[in-house]
Every structure is written in structure tokens, then in C-alpha cells.
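Order of writing sets the labels: A, B, C and D. Residues in every chain begin at 1.
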Amino acid sequence: MIHLSCDYTCGAHPQLLDAIVATNGHHTEGYGEDTFCQEAQNAIKTFFDTPNADIHFLVGGTQTNRVVIDTLLRPHQGVVCATCGHINVHESGAIEAGGHKVLALTDNEGKITAEAIDKCFHDHFTDVNYEHMVQPGMVYISQPTEYGTLYSLKELKAIHRICRKYDVPLFIDGARLGYALASEANDVAPTDLPKVCDVFYAGGTKMGALMGEAIVMVSKKWRKDFRYIIKQHGALLAKGRLLGIQFKTLMTDNLYLKIGANGCNTAKQLQQGLKAMGIQFYYNSPTNQIFPILPNTLLDNINKDISYSYWCRYDEDHSVVRFCTSWETTPYEIEQALNIIKQKL
Amino acid sequence: MIHLSCDYTCGAHPQLLDAIVATNGHHTEGYGEDTFCQEAQNAIKTFFDTPNADIHFLVGGTQTNRVVIDTLLRPHQGVVCATCGHINVHESGAIEAGGHKVLALTDNEGKITAEAIDKCFHDHFTDVNYEHMVQPGMVYISQPTEYGTLYSLKELKAIHRICRKYDVPLFIDGARLGYALASEANDVAPTDLPKVCDVFYAGGTKMGALMGEAIVMVSKKWRKDFRYIIKQHGALLAKGRLLGIQFKTLMTDNLYLKIGANGCNTAKQLQQGLKAMGIQFYYNSPTNQIFPILPNTLLDNINKDISYSYWCRYDEDHSVVRFCTSWETTPYEIEQALNIIKQKL
Amino acid sequence: MIHLSCDYTCGAHPQLLDAIVATNGHHTEGYGEDTFCQEAQNAIKTFFDTPNADIHFLVGGTQTNRVVIDTLLRPHQGVVCATCGHINVHESGAIEAGGHKVLALTDNEGKITAEAIDKCFHDHFTDVNYEHMVQPGMVYISQPTEYGTLYSLKELKAIHRICRKYDVPLFIDGARLGYALASEANDVAPTDLPKVCDVFYAGGTKMGALMGEAIVMVSKKWRKDFRYIIKQHGALLAKGRLLGIQFKTLMTDNLYLKIGANGCNTAKQLQQGLKAMGIQFYYNSPTNQIFPILPNTLLDNINKDISYSYWCRYDEDHSVVRFCTSWETTPYEIEQALNIIKQKL
Amino acid sequence: MIHLSCDYTCGAHPQLLDAIVATNGHHTEGYGEDTFCQEAQNAIKTFFDTPNADIHFLVGGTQTNRVVIDTLLRPHQGVVCATCGHINVHESGAIEAGGHKVLALTDNEGKITAEAIDKCFHDHFTDVNYEHMVQPGMVYISQPTEYGTLYSLKELKAIHRICRKYDVPLFIDGARLGYALASEANDVAPTDLPKVCDVFYAGGTKMGALMGEAIVMVSKKWRKDFRYIIKQHGALLAKGRLLGIQFKTLMTDNLYLKIGANGCNTAKQLQQGLKAMGIQFYYNSPTNQIFPILPNTLLDNINKDISYSYWCRYDEDHSVVRFCTSWETTPYEIEQALNIIKQKL
């Protein structure tokens, strides 16, 4: 079986697991106050060139989104995001459970524009009944998006400018940030990120960690007492060192970017091979998730050899599926997958 | 000034105020456990022919929607409603503040269909990631809708049938219920209502009361401890008798329907007069709210004589406005309003 | 029947009702944006000599406490109060429903001390696990307390000083504020109040109104967007003028203090009469609630003539009850009540 | 340094880590739907002899308490627990953040009695204002308690009987359950547990796992849609297999009880050694946490050799500290610790 359904179906990247094994006997403080976490925090600050940021490690993405958004919003505020935003679709209502409406804007290939965000805020504050409506209080975007697409630096700057205009924070969900940073199509350097948003997180779970997401709190405004809020959400890992050890390793010798590059390169290889067979794509994605439109008959035939995620119906005879590569996908596997598809097409 | 901006810009219908004055010196239990409330509850049960229902009186509409929805849903569930539903648009996120996502379906003239609701539930439960998404847990509709339109009995039965199919409650927001029941276009008798939903409320605030909404809890399932939840929301009025006295009066001598009829008749008179002048309407509304498309120049000219609500831009030169009649609007006022508009058109 | 069970068992003070009747036909903006509310707000600012405060009118006490506390606290913070505090005991968990722990301190005759509050904050911030505990984020006290007792100006200043020390707001629940201000034992002038707290409310429901509480937001910090939060809680009355009309009347010709004085004077008359019969009191209360310790046999005998609230068991043969006077209690009624008790003792 | 401050200062028990390493390359479904989790669930059902239970794996204790309690309670209900209960003291208000009051009963050595629980429910339902108060809706106890003490089977049965009487669930927090089950003082067999409560969890984090708690949902009542609620809380681990692998290992060859026994035996050895030196204990604890009363001078002297947790001040010259053993504490380390203390006493 060639595994292309998801980027978190196996364990950890061997270097991360080795580091966990090597440090297993060490005794440390709990709850992320250990030296491994400190080292990882320093490495992250260096990587993103944001020496004054606060770094916090959480376990998973939904948890991270909920904790951050609950921290950034006042009770009457909602979070602006794309219709396809993870928080709007796939978190079982976690944001609403925290008391906040998700204000979804129509997306284009997973992205929303500075103009649409500007209009959303402008319309709200000029409505005669504005106090009877949810006030947009922050903006959430994902890089890469849920469709594997990327915001350009210019687009991020424009969105950030609108957020400044209305004095609201911009939060970037980087569950797969490494795949964005390593993509050939990307023009946003790690060191650009802290300059174009207020909070972001660099994902670990989908980048080869057992689990873990690193929140980079750039703005000073919401830092006070953030650990209380993490704890209150049941999100403060007792053996927090596990997250520190893994992120320290990810930040060593550029591993985070290498994992990202492997995901992007193998995805590109697959995409090019499929295009060469005349297959079309639902989104134009330059990262580790690609979305070919495949005949249903083919899908039935490759089931046992290649795992994939069903995405949506395309027409009577075709479906969109997602192939997702990761740190462990090899060029050889992609070659095999292309051969299988070629034979069964 | 002819007041057509809203149905709650003045005080109470004189009969209601008289009843409050007449009983002012009486001493009663607090929190709705007085005999006035009991009499009003009995009168409501008779009016809707639902002897086994539980009746509760709350102060306002947003409060009522929040209390009812918080009671009917489990934490992971959301409420299905029309995009224009009051809970989705004009309650400052009250439902989300209670922890629940509002699952909005595209409306047609303010209404959603049984088919669309069926599809919403079906799609949810057949999605491979259904546990990662908000489960639709109830349906909320308004009668009349936010656009003054009406569900037919057939439509209500069809929606209720879908709710039964998925074992979820149907809640009808009747903030202006009396205008629905009294409309010539209506085919839903008061006694039909408890048969086609699980909970509904008969509004008082917009039907001539100082304040007050009467919740009719038809189903037995959510009754237990409902008063705790009301109290917890700060919605248990200390001098609850005020609500009992008013609803008892509204239920006496068909006053509730008479108020409704006056609103509908004067609205119809206005609508017909405007149509005779060639004016078109944005929605086809048979109740006390009507939505003409008027030239912007006219609006500037009638400002000082007629109050109205701005609704939305229609085109460069026209706007949609809302005229709203009530228990106190007179045929003579409508005649005057029509004359003013005719002159200034 | 002589009614001494509660101060909200009948309707409104006649002057308030007269004002509602007199203005019934006026057309105004909804949601508290009318001129009656403006006039009432100005009168309140004058009464308390706090020209820069923001005034908001809500319907009831639990609602007011919940809205204010939800506004003042961040998610991880709790509210410090007396064990007997209304928010800790009699609001069905409204504060917790808003997400906040009530941090109760042992009270003495309904009051908590600056020292105890200081210790609470000090202990929290010096605990090694402080981030694992609820952070005290504000202080809530009632004036008069739930036991009818009063904080002296010196005590209020001391508590306020501690709040300043820890940079947290002090909120005073004044559901019965008029009875405090009018008490002979009181040394806190209306104009002192805004100087010793950040937010307080002057109650209407228990001071002769049909309903209504006036929030005085002294501090500027939490004012922004407060109306959104009110609306979100279902606490923005559509016909908000009703609250404005009543508070304007309460603030005219010192009516608020006159009502308070009548309650205190008749309570004092009753207390002195009972003491003269040798009856002892559970609390030493100088306002409109008094708490005699009465033989159970007496209670059985006065049941039909005098209404009271059962408070708690004292010993096998005695109970504590509450007698509560109000704007409408007359010296003659108290005389009668004393006679009845004397006969049946 | 001899590490006795806590039972989660190092990594995982070697057998658990070996299992994670051995399975690292396997590809599985995410979110706990893999075969490792199934095997672990089956092993847990066998261990506790509860074939019809539902088993779910979460990451941490606070998270588990919050998810379970949010699931079991209706909005107006609170959870009854001991004053020292973890949910009342050390979870940063997680339960209140979910909307529920913690109703704390005075504990005796960490335990509450069936009688006190019975009184709490009885008092609530017989109070005249019961609807104005938080309804007790479930009972939470810890086994072992936060003070290392144990409920006997008789005590658990009595508490469960009271829960049945009021038709509310009993939830047992077993963060350190293995130390309870393995204690010489314990008379509650693993197979007894599902018979005396409705939900419990067997902790992993403090029993040698990297992280993880296993919820055993014995009652059928709250099972429906439980995974939605887990996901909504951000508590559904993407690589859920990690929890399955660890619990499967803990359940193999009695490892869970062996770890428990090592903790209890070394704690007992330490307790006996200290008692032999004339040292007294604050609680009478038979599990892996012990609470000696030590001279402050001693504490200053052993600081560099033995780690411990400061518990509380005892008197001017003495403090209570906690020594906590675990799977990795050796009899030799305890001997050393005793020697050090003996020398410096």
C-alpha cells in the first residue's frame, strides 16, 4: 500500500523519535517549563527572527485554534475566515463552544482577500443595527490553506494592513506551515511571518511530530496570563518536554524545511505525472496536498494499492480526491503510484 | 409623523396597560408563580388547544431564542435556520455565546424548505468526517419570517416530518405570531401550531405588550428543570405577574388576533395603495411588514412625515425600505401616508 | 394580610406607573436610545455626581450581574465575593454559565473585609501553581448586603484600595441601594459611590419599579462595545424607554431616597417593637430587611395575618425569618403586625 | 538527585516507549480509530470486566475531567466534589469555563461521604428557592484522592447508592488509579469499579505513559455522540494510536498494576523509614504520595539531594511536603533518601 491519504497516518520522523528516546530518562519540570522547551523556544525565535515573541507548545490543531481565538476575542466578537476555514468546517464547533461566531467569507481556492475582509468590517460598522450583530474581532487564515494553496507575501501584507486599519489581530493557522515555507511557489520567508501577523502557529503533527503545535505570539497584547487559558482548556501537557524535544529537533539542521521540501517535491512529482496522463486538478496547489479529478472507475481499481482521501463529487463519472504526501513519502513510491494509475486508467 | 418604522416604538395597547394599572396593588408570588400567570397559561393552552403544554413567560425575543435553544441542544449540536433568521443575524451572537453554531440554509423570501433541511441532515450524517463537524440538532424557523412571509400548513407539516425523521425538535419563533395568524394569506390555525412543532413562542413585545414572550413547550422532553435554565440566563422576571397580566389580556376577547388583524389590514391597505402607484415590492409579504422599492429622492422627501426602516440598497437610484404597522396604526394614517407619497413621488 | 415577605410582591410605585401611563402614546427609538433614557441617565449622573459615567438600563438583577461580570473578566478569571453573595447562592449558576468561577470568602454578617480580599489575591499570586488555579479578577460586594447590613465608607475605601493594588475592578450590587442610602446607619453618600468602585448598579425592581436596574459604569475601561454584550445576553429591552421613564421618575424629587427611607423607617419600627418584646435578631440589620429569631409556634399562628420569608432553622423550637418592608409599607401596618405578634407570642 | 517531587517528571516507562518505537512505521487511521486503540480498548474491558463499556483515550487529566463533566451535565447543573478535588482547585476553572459550578463539600483526608452527598442533594431539592440555585447533577471523586488516600469498596458502594437515589452519575477520576489498585490498603478490585460508578478514567500520564488517560464509559446514557464532544474540546488526538499503543502495553502482563505496586511499595518503605525517625504525617496515605511534616531546617539541607513538592505550612518551624514515587523509583533510592534525611535531621 502506498500511503497518500494523509500526512499523519504513521508515527514520528525518526530523528524526533530518537530524541524522545535519548532523553527519556531525564527529569524535568512539568507543563512546558523545562529546558528542552526553552531551547525549542529559542530555536523557533531564531528561525522566524522574532526574538521578542512568546512561544507556547500545544498538542493539536483544533485545540490551538480554540485556545488562541478564545484569548484574542472579547465575548461579543467573532472571527472572520474563509468558508473552507478549518475552524468553520472541521472542528465540531469548537470556536462556537468558546462563545464566538465564525464569520465566513466566500473563498477563492481556499483564500480570502484583503478587499473582502475590508468590506466585512466596513459593512459591520456602518450598519444601523451594528450592535445587534456579531462584531468582527479578528481574522483567521491558513497558510497553506485547506486546499493546499498559498498566500503571497503581498496578499498577507494587504490583509495585515486591513487588520491594522480596524485594530484587530491576524492569526495564521500553520498546521502545515513547513510545506508552505518549502514550496517552490512560496515567497514568504520564515522571517516575514512575524511581520505580517499577530499570532501564528507552526504545526508539528502534520510535519513529522508525534503531536504538537508551536504558537508564536508576536503581539504583546494578549500574552498576559496566556498559560492560565491554556490550562483551563485542558491544553497544558503535563510532560510538556515532549513538545520541546520534538520542536527543538525540527528546528535543528533545517529539518522542518527539509520535511516540508520532501512533501512538496513528491507532491509535485505526482502532480506532474498525473498531468502528463491528461488528468485535471480541482485546485491549483503547490504544496503537499493535491486534488486530482479522477474517474470513479479508476478509484475502485486503485483502492488496494494506493490510499487517498475522498474529497467531493465532480460529476456523474468523476470524483475529486486528495493525495497527501509527507516527510516519509519517497520518489520511488510516487513512481510506483503513477505506474499503477497509468495501468488502471 | 406617521409611525411606520417598527411595531414597538410606543407603549402598550391600552387594554394591557389598563390591566396592569388595575392590578397594581395586588400582592402575588414572584417569578411567574402567581395566579395571573396561571390564568394566562390556561388561556394560552385553550387558544392553541394544547392542554398538556408547559407555558413560560420571558421578557424579550433574543432572550427567548437563547434560552430555548440552549435548552434543546446538546453541546456539540447546532441549530439549522434560514440565512436571514433572527438568530443568525440580529442577536449579537447570542446563540454562539451559548456554545452553539448557527447552521444557516439559503432562504427563499425568508423561508427554508423541508427538502433543504433534509439534505442538510443527510449530508451531515453521511460525511466521512461527520464527528468533526457540528451536528444539526434542531430546526428554527420564524412565523411570520423576518421578511413578513408565511409558511403554509403544508410546508410546516413537511418540515416537522423531517424533524421527526432525524429525531430533532422544531422551534418556531413567533415574535410576530399574531400577525401571521390574522393574515388573510394564512392557513395555519392557532390549534395547528402545537401539532407541527415541538416548541414555539407567541410574541408580546411586537403585539402590543410592554414586553413579554410566551413560550409554549409542547414536547415533554425538555421541560424538566426549564425554570432553572431561565433563571440562569437572567430571564426570570421578578415581578413575573406583569407578563401574566398582559398575556391574559391578550388572550381575552381575541385581542391577540384583533391586534394582528389591524396590523395586517393596514399593511395591506398601504401595499395596495403603493402598488396602485406602480411601486414594486422586494418581498411578497402578507403580514404587517411590507418592503417597497422606493426612489431615493422620495425617501429624502417623506422623512419628516413618515418614519420607516431602511432595509437595503436596490440600485443606484432606489432603496428597499420597511413599513411596519401595528395594533395602533389606523386606516386614516395609511390614507394620509399614501397621499404624502403620491404627492412626493 | 400584612405583606412583609418581600419588597417586590406588588406592582409599581404609583408615581412610576403614572409616568408610564402618561407617556404610553409617545413614539420613541427602541433599545434604550430614546430621550426618556437620556433624561434618566442625566438624572442619575447628577444624583451620584458622576458626570462622565456611562449609564445602562437592564431588566433584572441576575441579568445585570451576569452581563457586568462577563464584561469585566477575562476567561481565566473568577469573581471574589462573600459566601452569601447573591451571585454565589441565588442565581442558578449564572456566573459559571458565563464561564467564571465564583471565589467565595467567608462573610461576617454578609460582609467581607479588605484584609480577606487582600489575602485572597496575595495567596493566589504567591502560590507555586498559580497558573493552575482560577485567577481572582474582580471583587463583587452588595450594598446593602444580602443580610441587610451595610459597608461603611471606610470599609468601602479599604476594599477599593485593595482592588487598586491588584488592578482589578470593584463591582457593587445595589439591588436595594436606595435602602442603604436612606438608612440612618449609612455614612456613604450617593456621591461617594463612584469614588469607591468601578461599576455599580442602582436597583429599581426592589425599589418600586415594575422592573429595571441602572448600571453606572464609572471606569472607562470596559465601556467599549458594552451594548453588544448586553444584546448578546438577551438583556437589551426593546421598549427600553420603560426603564428610562421609571428611573427618571425615581430620580425626581428624591423619590429613590424617599422610598428607601420608608422601607428603613418601617423596618426600624418593627425591629424596635420586636426587641421590646424580648425578641432577638440573627443579624444586626439597619435597612429594610430584618431577621428576628421567632418561636416556631408563633410562626404557625401568624401565618394567615402576616407574610414573611422563612430564612433558616435556629434551634429545635426557633426559626429565623425575614421581614421585608418596602415603599408601600405603612407605620399603621407595622403597628398592626406588632399587635398580632404580641397577642400570639 | 533523588526525584520524589512528582510522578511525571521523566519520560515513559521503557516498555511503553519500546512499543511506540516498534510501531512507528505502521500506517493507521487517525483519531483513535486504529487497531492499536481497539486492542487497548479490549484489554481495558477485560481488565475491568466491563465488556459493554465504551473506552475513549484522551491526552490529559484536566482535559478528561472537562470533557466528561461537560458531557454528563445539563446547563443548570453543577458537580459535587470534595473541597480538595482537582476540578475545584487545580484546573484553572476548566469546569466553570464549561458553564458548570463546582459544588464543593468539606473533605476528610481528601474524601467525602455518602451522608454528606445525600444531605447536599436533599437540601437542594427541599429548599424553597431551589430553582434559583445550582442543581447538583453529578458526583466527582478521585481514587486515590488528591491526598493519596483511598475510598473503601463499602464507601464507594454507599456513594453510588446515593447517586442512584437522585438519578445522577458518579464519575471517578483515576489519574493515579493504578496506585490505588496496587495499594495494600485497597479493597476495590478492578472488576468492582464499573459496578460502583457510571464513568471513570484510568490515568496513564502519572502511571508511566508519555501522556494519556483512558475513559471507561460504563453507563450507556451519555455515550451517544461522545466523540463529537471530544473533538469540540480539541481533545481528539490526530495520531490517536499513540494512546492505544501505550494503554495496550500498560494492560499487558499486568504492567499497570506492577507500576502501581512499585510506587506504593517504595512510598511505604519511605513512610516507614521516616516514621522510624519519629516523623509524623499530615495525611494517612497508603499510595504513592506521602505527606511528612518536616522541620524547615531539614528542607533547606536536603534540597540538593532530594526533590519534593512543598505542600503547606505546618507551624513556624515545620512544613508539610509531598514525596511522590513512581514506576521508576527504586528501593535503593529510597534507602539513600532515608540516609540523607537521617544525617541532616
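Points to keep in mind about this one:
Assume a contact is a pair of C-beta atoms (placed from the backbone, for glycine too) under 8 Å apart; a residue touches a chain by one contact, two chains touch by 3 or more.
Fair warning: this is a prediction, and the values are worked out from it, not measured in the lab.
Comparing the chain pairs A-B and B-C, the larger number of C-beta pairs in contact belongs to B-C.
Here the repeat of A-D among C-D, B-C or A-C is B-C, since over half of its contact pairs match by residue number. Chain centres here are Cα means. That of chain A falls 42 Å from that of chain B.
Between the CA-based centres of chain B and chain D the separation comes to 50 Å, rounded to the whole angstrom.
The distance from the centre of chain B to the centre of chain C, with each centre set as the mean of the Cα atoms, comes to 34 Å. Within chain D, residues 75-76, 91-93, 97, 99, 131-132, 228-229, 231-232 each touch two or more of the remaining chains. Those residues of chain A that touch chain B in the shared complex are 75-76, 78, 89-93, 96-102, 128-129, 131-134, 310.
For chain A in complex with chain D, the touching residues are 1, 3, 6, 8-12, 14, 17, 20-21, 23-30, 59-67, 91-94, 97, 205-206, 210-211, 228-229, 231-239, 241-242, 307. Of all residues in chain B, those touching chain D in their complex are 31, 70-71, 74-76, 99, 131-132, 135, 225, 227-229, 231-232.
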